Structures are given as structure tokens and as C-alpha cells.
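In what follows, structures are represented as C-alpha cells.
Below, chain A partners chain B and then partners chain C, in two separate complexes.
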Partner chain A sequence: MNLKRTLRVETLLVALLVSVTTLVLMQILLNLHLAGHSLGDEILHINAASTQSANAVTSVVTYFRGLDTLGEVSILFLSIFGVALHMPRGSKNLFSYHNTLLYIGVSILFPLMLLFGVYVILHGHLSPGGGFQGGVIIAGAFLLRFLTYGDHYELKERVVSLSESLSGAGFIVLGLLGLLVGDRIFTQILPLGTLGELLSGGVIELIYIFVGLKVSAEISLLAEHFVKAHNV
Partner chain B sequence: MFDSLHPLITMISLAIFGVALLGVLVKKNLFKIFLAFSVAESALFLFFIGNHYTPGLKAPIAADGITRFDPAFMVDPLPQAMILTTIVIGIAVSALGLSMVIRYYKLTGHMRIDKMDELGEEQ
Partner chain C sequence: MSLLLFILLPLLAIFLMPFYRAYLHYVSTVLSMALFGLALTCKAALPLVERVAVDLPLAITFELSSVSWLLVTLFTLSMSLFSLYHLRFSSNKALFVGTNMLLVGVIGLVLSRDIFNIYIFFEISSISAYLLTSLNQDAKAYGGAIRYMIIGAFASLFFLLSIMLIYLTIGVLDLQMIAQRFNLIDEQVQYLILLSLFIALGIKTELFGLNFWVPDVYQASRSAVSGLFSAMLSKSYLFLLFHLAYLLHVSTSQMAFLTLVAALTFAVAEFSALKSRETKRIFAFSTLGQIGLIALALSYGDTALTEAALFLIIVHALAKLMLFLALDLLERRLGSTKSEIFARFESLFLMAVFTVGALSLLGIPPFAGFAAKLSLLKGLAGLEAYGAMALILTVSLIEAAYLFRLLSGFRQGEQKMVVTLSPLERLIFGVMMFALLLLGLMPQPLLALCQEAAQAMLGGYHAAL
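Coming up: the complex of A and B.
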């Protein structure tokens, strides 16, 4: 009886504390005045003159904050490196069953998904999308192959590591070229073109091609490490 | 309909964050705890993106007849770019965490957080 009463008092106290905290937090968040549109206005104003990229979000990610994107890509690389270090690839796949429907569907879908991923990467400066999104679509195509083919399919280590390291090196070299030619890292070193065409935006498209290659190689390697974690 | 979506989006994202916090505190399975962290991240994304959207404004993309960039009819591109970075970092963090969970399961045969006594055995 006594134990029951203390438990009830504790529960009541915790509930009171949680509700008070929630109310205070909600009051703070509801009265939060978010600074609207000060830096974004300026970026929108100078975007057409400095990048000629039709997608302003893309030009923020790759041009105005290019160094930040380099850091983001290296965080992704370090994470995949850590996964590969303490979870080495086994030879047995978790999904080793034979499903004819899945087999036929994947053999139709795989080239289409690759094509769509390349399209999303190449049109990153014209429409929503870009290197990260297209890279993840390509990695999804490879994940479908892992689900279908079981133990008989593995990524070629050489191709994956070569594309990953070459694209990362190209990304850094592009930034250093901007530092050499212009005044800051990731500046425009190519002709800008006209707004809305495929060959426009100068250096943005090259950066997104490198990012797309790197992200697709890394995420498909990650999927393979998770799918083949059976006998770690 | 709404002049500003700020209160609605704040309440919804706070509710999602509360669900995620409950999952982190209550669940015993390490895998579910990491997935609850991912849910908390998505509440953060919703809060940022939603609060920088004003109803009636268009995406900051010069397509479909729009040929110039003007903050009068376009939303702020900066929070979207920030959240793009955050999503990628969230993927990296959850991949590393889940791989550590798999490794722990292979080592010990369970992944319950209340049965972890590896440090206690060593003392």
C-alpha cells in the first residue's frame, strides 16, 4: 500500500514536470521570431549575376557554401569508413532467396533507375534535385540488385573505390582551382552560360557530378556492408 | 487560409519530437532507440523548413515561366540548403550508429540497453 502511494506520487510529479516543460517550450517556440529573409534576399538578388543557375538552393549549396558541402561529403566518407572498418563485408547475403518476379522486375527497373539518377544529377541546377538525391537513387538501384541476386552479386571493389576517390579528389581540385584563379575557394572558373539551359551555372554542374559519383559509390557500398553483415 | 503556418507547424513538430523522445527514453532495444533519434531529426527538419515557408510563395527555382529571382514571390533558399546538409549528416550518423548496434549484437547476442553490463564485469 505504502509502495503504491509513493509510486503514484512520483508518477504525478513526473507528469507535472513534463507538462510544465512542454508548455514552457511551446511558449518559447511559438513566440520565436524567426529572422525572415535577410541573407536569403541578398542571395536571391546576386544569384542570377554570379551563378546563372536556375535553382537557387543548388547555388547556395555548391557555390555560396561550397566549403561546407566539402565538409559534409567528408563526414559522409568518414562514416562509411567507420562502418567498413568494424563491419567487414562477409560473403553471405542476408537476402539469399530466389524470386522470379523480383528478378524480372529488377532487371527492367535497374537501367531505368540508373538513367533517372544520372538525369537528377545532371539537372541539379535546373530543377529540384542534385548530386545527393541522384546519388541516393543510383544506390537504390544497386540495393535492389543486392536484394535480388543474393550471394552471386557483389560490387567491384576496384571500380567503387576508384570512382569514390577520383570524384573526391576532383571536388577538392575544383575548389583549389577556384582559389588559384579567383579570389576564394569554389569560385566560378568556367563560363556561366544562360539561365535555364543545360550547360549553364559554370562550376556548379561539375561539382554536382563529382558529388553524385561520390555519394552513389558510398551509399551503395554502405548498403552492401549492411546486407552482407551476416557472418561478421 | 492561414496567414502564417508557424503555430501549426511548431505544434506538429513538437509532437513528433515528443514521440521520438518517448521512444528514446522508454524503449529498451538499441535499434529502436537509434530509429527514434532519426524521427527526432525529422521533427527538426519539419520545424526549420516549415517555419521558413510562407503560404503563396513559390520555390526559389526559375522554371515554369519565372525568369528572374525576386524575394517578393520566392521563399528563402538558405534554410533548405542548410537542411539538405543536415539530412546527409543524419544519414551518416545513423549509419554509423546502426552498424555499431549490429556489431554489439554479434558480440553479446542481445541488444537490450537494460542488460548492458560490460563495464560492470570488467571491474
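Coming up: the complex of A and C.
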């Protein structure tokens, strides 16, 4: 076998460059002197007083770094908007499984998954989960329906569009209200409640409801675009 | 007044889009003009600092300094002109989302003082740019968008690597706090962070060696969109690159490296423009050349040169937006952007637009480009950087060669198509030409603003060196 013919010089050079860079990186990273303290310590210190949320990760995502989350929601919206723009929906479902077992299973699972999604969203400030995770679980329930009902099932575009639009706007209005009432975005305009209870965390729960609604609408829409992709 | 309004209002307008789907072009115009007005009203209160949610070290800080004000005003003005130009077309959902998200992204990049928050805006501006590149939905557009997405993913990767290293070794995300502690970390890690930032922002700023993708992306995009990239996107990353360089007090040798890269960007791009026969590519190479020139001035870390660079940023953004919008108009009428189209149309007004834009880019008096290049050369003379001066003057000759070759097309061709402009189009182009002339005849007020901005941008950079 002629090595020159199988491996081009450029490929070998790139491989060499990547290997050397990886070794240098590894050497630096293995000898890294970590910072004595990080923001995590500070957050744990003030979390209870500022949010009364039992889940400090949620406090970071929705309250301390709420603006980043709004940005992430916008990135998700933009990405799915791009997919929808370039992958128009056809009428034919490409993944129809006419299977009675699947039909019965999904009929039972669908409401349970919706309920579980809502539970994960509403308990985001108490346990692992939240708007993103719950939203994806709800979208998963709709994906199962697409697979089961084939061409006979489609999302009501107006409902999806409205829930996506209003939840995104709600998230921003909450931020604007915070600016109006206090001097900061996402000021705690609601009572903080008691740590560990369902009604606690102030605005955190509302933020996660908006995020959950938006994510579920967008990921469901994405799933529909993939299963009904036109011209595939 | 909250600085977050610059971010929240466009986002709110985008999310509420289903309620006014048929009027998106009007909403975009009103919104961008309102933001431009908002930016103007902020001038009296500078510098504005705003903390999100909690206090430092946890807070995300937004800062409107003299320099970020100048850029926010430029971006909102560019977006207003772009939206006004699109008023006569029907409402376009993708254009509305893409351009307004791009506005959110670039404003966030210059306002935010938190490295992770900057990354969020980095992604918003990148994804909206991919979306805008693919608007034409043809093979060329998809090719350009995919290429842009792949190179953009590399930029994101290196930016994230630098954030990870910063957070692991310094433990904070606020730029001011990072700057205070940066010199205390291991020197090797410092180099790695700076290298990652250079690669990430070098790709986005379109610097030599990392800008091979730019002409294809500009060519794949609609001409008007390329104008927006040239006026807003590249300028915001250019600011970010040098803002971080000054803040982290990079050494003189590292700055010298940036000078070299900038000089190469300038020279290679202008030579490439000379070889090209496609107007959009020529303008794209010209943009790269001007970015190189601006980066060259910024790389000296000198107040006079930074002032000249900021002036050039504004002048170039206006001239290039005007040229790309005029090219968009021609592309829609003649269906091509090859340089031969200059011999195929007849419109005194459009000829004037192209001539004023080209002369301003070249730095011919009495247009604004002359004042910009003059202050740049004066600044370089003050530092006795005669090599850089010679380079600028020599490469400007090449710039003159391809721009005059382009303009000479007006005199060729016999059967010409009469292109008429609507009163609104005449008003938009008229305002832009007048601005370029006015800034050329009376550059002092804007130069004074740029001087203030230069001092804010450099901060304690000199003292540290």
C-alpha cells in the first residue's frame, strides 16, 4: 500500500499539529492552579436570603444569571426559527408506525408525560429540573404522538405560535417589571415564601413557567419539522 | 433609564412578532429609530453602569462608556437606515428576526462587562448572521452559511476555552475583576487565554489568517445584509478584541504581533480586491482592508491613533453601508453584482452615491474618509511609525486602482437601463452622502467625541505599560 497515496501530506500535518496542541494543552491544564474560591461559594452563601429557592442551580440559572438564560432562550428561538425556515413542513409524516401496541402505549403515556413535564417545571426551584428539562419532556410527549398517529396528527400552528410568543414576551415583561419596581432586571416582585415549599423562590417559578412553555412549544415544533420534513 | 432596554425592547418585538406579521418592516423601522433616539438621550448621563440581579462579584455589569455609546449609536443608526431602506418591500419574517437579533447581539457585545454574558451575545450575533447569510435560500447562500457556521463554531470553541480557563484560575467572570487578577495567574495560562481569545475574536474580527471565509459569506448574502455585517458585526468584534487587549494589559510584543497581523490584513485584502471582478467581493475585500487599517491604528494603544480608528470605524460603517445598499438596489434591478453592471445602468443619483462612497473610502477630500486617514497618518507621524505610514500610502494606491476601475464602468456600455429611485431611497442615500461630506468638511465635533471615547477605551492601558 502506498502511504503517500492514502494519506495526504496536509492530513499528516494537521494530525501532527492537533497532537502537539493537545499535548501542550494537557500539560497546561494538568498543572493548572485553580482559583482559591469561585462564584459558587458566594452564591451558596447568599442564595437563601435572596431567593428562598432550595435548588441553588435554579437560582443561578433564573435569578443571578437570568439575563444569560434570556439569551439562551433567544438562541434556542433563533436556531429553531432557522430550522423551520429552511426545512418547510410537508403534509406527509415520514415516521408513521401503524402499530396498535404503540398506539395504546402512547395513549397512556401522553397525559402522564405532560403531567410529569409540568411537575418538573413547577418543581424546578425545589429539585433537579426546571423549565428547559420540563419543556423537553412535554415536547417528547408530542414527538410520541407524531410517531403514532402519522399524517393524522399535527400541531395547531396558531396555538404553538401564541404560546411561544407570549411565554417569551412574559419572560421579558417580568424583567421589565423588575426594572420598574426595583432597579434591577428580575427584581423579586413576588413574596419569597418559605424555603422548600412549592410556593417559594419569588419570580423564579414564574420564569421557569415561561421558559417551560417556550421550550415545549419550540421543541415540539422542531420535532414536527423533522418528522414532516418536505423534500427529504 | 436602564441600559437593558437596548436588549429587552428588540427581543420583546421579536417574540411578539405573530401579532403584527404583516407590519414587521414598520415595526423594525420604528424600533431601531426609537433605540437610536434612546442612545442619543443617554449621552448626557455617560458613563452609565448597571448591575443585573445582584452586586459584584456575582452581578452581570452593563456599561455605557463614551466608546460603547459611540458604537451603540452607530449600530442603531445603521439599523435605522437599513430598516428605512427596506420599508418599500413587503414584511419579511426572517429578515426581521435576523436583523433585530443581530442588533441585540452587537449591542450586547459592546455593553456587557461579563465574559460569559459576552459569550451569549457572541452566539446571538453569530446565529443571526448565519440566518441572514442563508436568506436567499439558494445553493450559494447555503454554502456560505454552512462555511460561516463551521468557522463560527471554531470561534465559539476557543472563546469558551478562554472562559473556562479564566473561571478556573481567577474564579470570577466580571471583566474588571478579571483584569485586576489576570497578572497573578500562571504565565503559561495567561498565554493560552490570550491565544484562545485572539483566535476566537480574530475569526470574528476577520483578521489575516483567520478571514479566508469572509468574501464567500459576503458574496452569499444579500448586498444589504453584507452592508449590515460591515457596519455592525465586524465593528463590534473589533471593539471587543481591543477592549479586552487593553483591559488585560497585553504586552508591547503581543501588541506588535497584532500590528503585524493588522498590516497583513490591510495589504493582502486590498491586493485581493484588485484581482476580483465581482463588486460584492470587491467591497468585501475592501471591508477587510479597512478592518486591517482600523486594527493597525488600535494596535498602537495610543490615544491619538485610537481616536482616529474610532473616527474611521464610523466613517467606514456609513460609507460601506451606503455602497452595499446601493449595490442591493442595483442587484434587485439588474439581477447581478458583477462589476460589469456599472456599465449597464443609467442613474446620475446612483452614480453619485457610488462615487461619494468610493472617494470617502479612498480618503479623497472633501469626504469624511480624508479626515479619518489624515488623523490616522498624523497619529502615526507622532509616533514616528514611518513604516506604517508608507504601507498605508502605498496600499491606498492599490485601493484607488480597483475603486477607479469600478467607477470607470459608468463611462462604458451603450444600452443602459434607466434606474429610478423612490423619494425615500433618494432621502436615505442623500442623508448618507451629506453625512460623509459634512464629516469631511467639519470633522471636529465627531473627532472630539472620538477623543473622549479613545480615552475611555484605553483606560489605564498606558499606565500599566
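Keep this in mind: the second predicted complex is superposed on the first by the 204 of 232 C-alpha atoms of A that agree within 3 Å, B and C clash if a C-alpha of one lies under 4 Å from a C-alpha of the other, contacts with A are read in each partner's own complex, and residues count from 1 in each chain.
Methods note: a residue touches a chain if its C-beta (ideal position, glycine included) is under 8 Å from a C-beta of that chain, and two chains touch if they have at least 3 such contacts.
These numbers come from a predicted model, not from an experiment.
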*Just chain B (first), just chain C (second), both, or neither: which does A:Phe210 touch?*
neither
*asked:* If we overlay the two complexes on their shared chain A, which of chain B and chain C does A:Phe146 touch? Say first, second, both or neither.
replied: neither
*asked:* In the overlaid three-chain picture, which partner chain does A:Val57 touch, first (chain B) or second (chain C), both, or neither?
replied: first
_Is A:Ser165 touching anything from chain B or chain C once the two structures are fitted on A? First, second, both or neither._
second
*Does the superposition put A:Leu70 against chain B (first), chain C (second), both, or neither?*
second
*State whether A:Ile185 touches chain B only (first), chain C only (second), both chains, or neither.*
second
_Contact-wise, after the overlay, does A:Gly175 reach chain B, chain C, both or neither (first, second, both, neither)?_
second
*So which bits of chain A does chain B touch that chain C touches too?*
25, 34, 36-37, 39, 43, 65, 68, 72, 75, 78-79, 82, 86
*Quick one: in the complex, what on chain C touches chain A?*
2, 4, 7-8, 11-12, 14-19, 51-54, 57-58, 60, 94, 97, 101, 104, 108, 116-117, 120-121, 123-124, 127-128, 130-131, 134, 137, 142, 165, 167-173, 185-186, 188-189, 192
*asked:* Quick check: in the complex, which residue numbers of chain A touch chain C?
replied: 25, 28, 31-39, 42-43, 46, 50, 63-68, 70-72, 74-75, 77-79, 81-82, 85-86, 161-162, 164-165, 168-169, 172-173, 175-176, 179, 184-186
*For chain A, which residues count as touching chain B in their complex?*
22, 25-26, 29-30, 34, 36-37, 39-41, 43-45, 47-48, 54-57, 59-61, 65, 68-69, 72, 75-76, 78-80, 82-83, 86-87, 126-128, 132, 195-196, 219, 222, 225-226, 229, 232
*In their complex, what parts of chain B are in touch with chain A?*
6-7, 10-11, 14, 18, 47, 51-52, 59-63, 67-71, 74, 76-81, 84-85, 87-89, 91-93, 95-96, 98-100, 102-103, 106
